[in-house]
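Mind having a look at this structure? Questions to follow.
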Amino acid sequence: KDAIGLSVSTLNNPFFVTLRDGAKAAAAKAGVDLVVLDAQDKVDKQVADIEDLVQRKVKVVLVNPTDAAAVVPAIERANAAKIPVITVDRAASGGKVAYHIASDNVAGGKLAADFLCKLLGGKGNVVELEGIPGSSAARDRGKGFNDELKARCKGVTVVARQTANFDRGQGLSVMENVLQAQRAIDAVFAHNDEMALGAVQAIQASGRPIKVVGFDATDDAVKAVNACKMAATVAQQPAEMGRLAVEKAAALLKGTAPAKTEFIPVALKLVSNASCK
Amino acid sequence: MSPARLREWLSRYGILLAFVVLAAALSILSPSFLEPSNLLNVLRQISVNALLAFGMTTVIVGGGIDLSVGSVLAFSGALAAGAAMAGWAPALAMIAALVLGAGMGLVNGFFVAGARIAPFIATLGGLTIFRGATLVYTDGRPITGLPDAFGVLGNGAFGGVPVPVWVMLGFLALTHFLLRYTGLGRNVYAVGGNEEAARLSGLPIVKVKLFTYAYAGLASALGALVLTGRLNSAQPTAGSGFELDAIAAVVVGGTSLSGGRGSVLGTFVGAAIIGVLNNGMNLLNVSAFYQQIVKGGVILGALLIDRLVATRKE
Amino acid sequence: MSPARLREWLSRYGILLAFVVLAAALSILSPSFLEPSNLLNVLRQISVNALLAFGMTTVIVGGGIDLSVGSVLAFSGALAAGAAMAGWAPALAMIAALVLGAGMGLVNGFFVAGARIAPFIATLGGLTIFRGATLVYTDGRPITGLPDAFGVLGNGAFGGVPVPVWVMLGFLALTHFLLRYTGLGRNVYAVGGNEEAARLSGLPIVKVKLFTYAYAGLASALGALVLTGRLNSAQPTAGSGFELDAIAAVVVGGTSLSGGRGSVLGTFVGAAIIGVLNNGMNLLNVSAFYQQIVKGGVILGALLIDRLVATRKE
Amino acid sequence: MALLEMRGIRKRFGGVEALRGVDLALEAGEIHALVGENGAGKSTLMKVLSGALQPDAGEVELDGRPLRPRNVAEAQRAGVVMVYQELNLVPELTVAENLALGHLPVVVRYGRLYEAARALLGKMALELPPDAKVSSLGAGAQQLVAVARAFAQRAKVMVFDEPTATLSAGEVDQLFGLIRRLRTEGVAVAYISHRLEEIFELADRVTVLRDGERVATTGVGELTPARVVALMVGREVRAYQRPAHPAGEVLGTFEVQAPRLAPLSLALRRGEIVGLAGVVGSGRSEALEAMFGLRGRALWRGEPIGRPIDALRRRVFLVPADRKAQGLVLELAARENVVLSILPTLERLGVVVRARERRVVEEWFQRLSVRPPDPERLARTFSGGNQQKLVLAKGLATAPEVLLLEEPTRGVDVATRYEVYALLDDLARGGLGLVVSSSDTEELCGLCDRVLVFRGGRVVAELTAPLRREEVVARVTGAVA
């Protein structure tokens, strides 16, 4: 049986666990082995993991980069071994990549900006909790969000911008800090739901009325939106990403798909709750 | 007071003094610092670190060290949450987690006391293993939707004081009593201070060490319950890196890393210094990146002054 | 050979044996393990950890410990990258980073040897401060687009052997020579083995300790250059947690955490065991979450067997 | 039938056979002295008895019942208590806590604990504060705490392993009183000491060990000191007396200032051995350590010595009292210890030149006849006396002009001791000046040209050869002002 490898930035985030599950199901259906390695958000471990996948002679490498630049040498190593590479959810900034399968994160950032703008009536102070610096997801969401505010919603200003590395615990502590420092905050945009839920925890403890928008639509976040603890979340489809990636890989294996650089966007939608005030 | 006792008192007083100076400076710089609500806020924020640090003090006084506290916290938190989700009564799930936390500590203790592997490396193994076990158990996903009882432990209040603060103070009193006023506690000092002497005095070295690690495990599990409540969920990554914070609180509080000396009251002051520092920098709007520099600098500075005072007195 | 030397040799041999058994098991389980390309692969993968661990060995033999190596790595990597981006010649930027890394080590050394703060806590301060400095310097963002020279250090090859492997072996030879054949190296063992005796023998204790920390800083900076090359960028979070990996390699390699004993060759074996373990589990498709459990378990198991062998021989 | 019978006890440590089938019987109400050279097996035998070590073979009977303690606590419960050769207290705990260690109640009530400690100390006529940390006490007081702890337990058999090594004369008298009281209470006492006069003052019977075997057990009345020594070493030995020799010119003068010490000036001649005498705390150690820059301030030939490194530069070397803690790096080879202070002179471009190193090490191994003559062995594996020679070799390799020695033969057996004396004499003849601080008056009298007697931080007398022990003792104890 042929094997394909999947190097994930971290499996400590339910988003990627779902992505992995989608990939596993697709692999079972396609009749290939799937080797999943967890980089634990460490750039150096991810490089070593991909090297080991190349060594193991997997037929295709699927990569969800921890950092866009740091992963490049590893991708080049796979290229040198003539193993096709597909990036999933986050992009690499170099190397030869056959497909890039991800949400259109710039569009997702815009979606969040438009929603918040309307919610705040075009005026207010926003805090932005950034994902891992150097990951394309964080960069693109930040770009989409901020460009949109500057272009179409000048009344809303970003008063604090800090990274919480896509992590819930850090979302809590960073938000606690920001709450101490900033007197006037109307809303928070977090680059993912884990950070958003951490921020919600801090905001509840402070008792201040602040709207929170997240990204991913994880089960927890959807529950929070339904309970009016979060205003909205931009839904990604991680299982779909995993499935698509494995299917593309299988097609490459059979030679039924061409190996050319192509971005395959995965649909996004906003999950909100109109019954909250 | 004999000169030696005076010196000891002064050297403890040195850190208290540092604390008072720090607090005074902050209350001048930021008017909101001294508000009762902020003080309670600081106490709540330090509660988890303080709980771990109390357990860590016990281990360190006994001549060891425990790097696995953060992982034990994560695992016992996940187990408590998992049990509750499986339908156990919350109280029962919590008690089970405390017992299991102590059990994980015992495993560490076995490698240190039974197999005589250096504590640093034995508990480094524990750090890796219990973290892995947490990931396997939770499948990398947070456990959410916990019964309200957990939230009360993390975010509730009683008589105007947050529940985590009560838990912390209760455990402080318990640990202080244990170390200071029980035969077992004195044996911990003896084993940490001079293991050979303790052995020749017929003390049960292995049991004493097992106890210290089990106690640290218990403290971690207690911290897990508070943190799970505060985050309203059990996180697979909870507690990573907490071991270094806990050790910092212990050392700043005047406990010697070579064992046999120290007190949990000092550790409390140590944890408070670190907490006040974090809180103060937030109030003063020090940028997050600079906070780390300032924090490291202030801690080293405090120890430096402490050292100078101690040396002058020698 | 005298019995004591034989025992010493056997106890070192114990770890080598563990290594051989592990490697044999892996080569049976996975046919690709013993391929030369994979062995070079493993060597390249352990190079950064090994470099840090060589520096760490020097500090530990000298009776200290250095928790700041990961942060020193991040900071000196960022400084090298920053200088190169500012237009410095790559070689110059690299040399500057090595000097600055050694300088950061000296700062640690000052707190330990000059101010006599316990090494654990002094370098924990260093860990925080240098990480903060890195974040401030990089504004928390990776530095990318480096000149090719960096890539060569990380990913180039010379005579079929990757450059990082040459760097590692060269630094291994240098460190071994230094510790074993120079007066300074002898002094490191003496100071770590019995500081009081070293003082009464007229050794310059403070200078010796400063040297060990500076050397660890240099090793971290060298690791930074290799890692920056391997990642084609300087990452602000690079190296976090590396201190524990480095210490694990040192201890698994048979160096005593209490100082005065050990060898950098043992550390190399220790780093290799850990590297082979990581590589082997990836080749064997051990599930990611279980990898941590297996890793912790194998390391503790190896130490346990080592202990049993050593005890039987006493 | 004896209270305690040990039969055929064997114990091996790696290659060393410490005990080769030793029998020993202790009667209730006797003080039984154990003597023998260093490494003869005295401590090992007693540790087997006290549960600190497990024998390889042999049996022990107490009161006719077999005794096989697996640890110290079991032996204590059976009624065997030992005061160990190495001080075994917990420095950070109080006197009272140390006294009760191993028997602390579940909940400690300090009021009661101190009360009990005070009562115990009072009964023993010891004036020690129960609430003081042990680390705040002097060495002698600490030893008395260890003794008191043993007394606190109701024991049938009590063992004392070199208990007087750190005691002053007064404290020794106190201890002897207590031990005699044990005898009247019917306790069997085993007493180990290298000080023969103590044996003759105290013991009823004497057992002599040599190389892990018992060579004799006799009533003390049937023995003379010379006979005991002969049994210990297997031949006759007479007290050491340094042969006559001419005095040299003045080498230089030490001007010493140290806390708790009156200013002191000592002019030292070539070939001269000056002794420093005094009880513990009299200031003789302070004076010696100040000359090496360990405390206070000293001038040598007008140049300041503030740190050991200053002293070494001025060719002054100290052989410290505690060779394990201060003298040697135990985990390094003997070779590495011997050259530790002269590494810079052996280096070329920072690298130690092995040939030069070997030459130095071989020379000193030979001149001091270190045994076994294997420089590659770890320092830890040499016996006490030979470790002492290693420390001396390290010092002599620096080519000193002045050699300071603190308790140069503490815990060193008679035969080796004489080797050390002859060596010191040899060095003095070679033109060195020596200053020896010792609590052994026999040693001072046999070895020194003159002796400075310290009391309360000042020199109260200077005695010159011929030295008589009675006079030195009288001055030291203050019996004669």
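We call the chains A, B, C and D, going by the order they appear; numbering starts again at 1 in every chain.
Keep this in mind: a residue touches a chain if its C-beta (ideal position, glycine included) is under 8 Å from a C-beta of that chain, and two chains touch if they have at least 3 such contacts.
Which chain is which protein? Per UniProt: B, C = Ribose ABC transporter permease; D = ABC transporter ATP-binding protein.
Source: prediction; values computed, not measured.
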item	value
Chains most often in contact, by C-beta pairs	B-C
Rounded Å distance between subunit B and subunit D, as computed from the means of their C-alpha atoms	44
Subunit A and subunit B: spacing of chain centres that average the CA atoms, whole Å	34
Centre distance in Å when subunit B and subunit C are each reduced to the mean of their C-alpha atoms	29
Numbers and ranges of subunit B residues touching at least 2 other chains	135, 139-140, 288
Contacts with 2+ other chains: residues of subunit A	11
Where subunit D touches two or more other chains at once, by residue number	none
Contact pairs between chains, per stated definition	A-B, A-C, B-C, B-D, C-D
Contact footprint of subunit A on subunit C as seen in their complex	32, 35, 37-38, 41, 44-45, 48, 140-142, 144, 151, 154-155, 227, 230-233, 235-238, 240-241, 278-279, 282-283, 285, 287-289, 291
For the subunit C and subunit B complex, residues of the former touching the latter	67, 111, 115-118, 120-122, 124-129, 131-133, 135-136, 139-140, 244, 247-248, 251-252, 256-257, 288-297, 299-300, 303-304, 307
Partner subunit C, residues of subunit D touching it in the complex	14-15, 292, 294, 308-309, 311-313, 318, 320, 325-332, 336, 340-341, 343-344, 346-347, 350-352, 374, 376-378, 380-381, 394
Footprint of subunit D on subunit B - complex, ascending	2-5, 181-187, 189-190, 193-194, 196-204, 260-261
Interfacial residue positions of subunit A with respect to subunit B in the complex	11-14, 16-17, 162, 167-169, 172, 174, 176-177, 180-181, 197-198, 201, 204-205, 219-220, 223
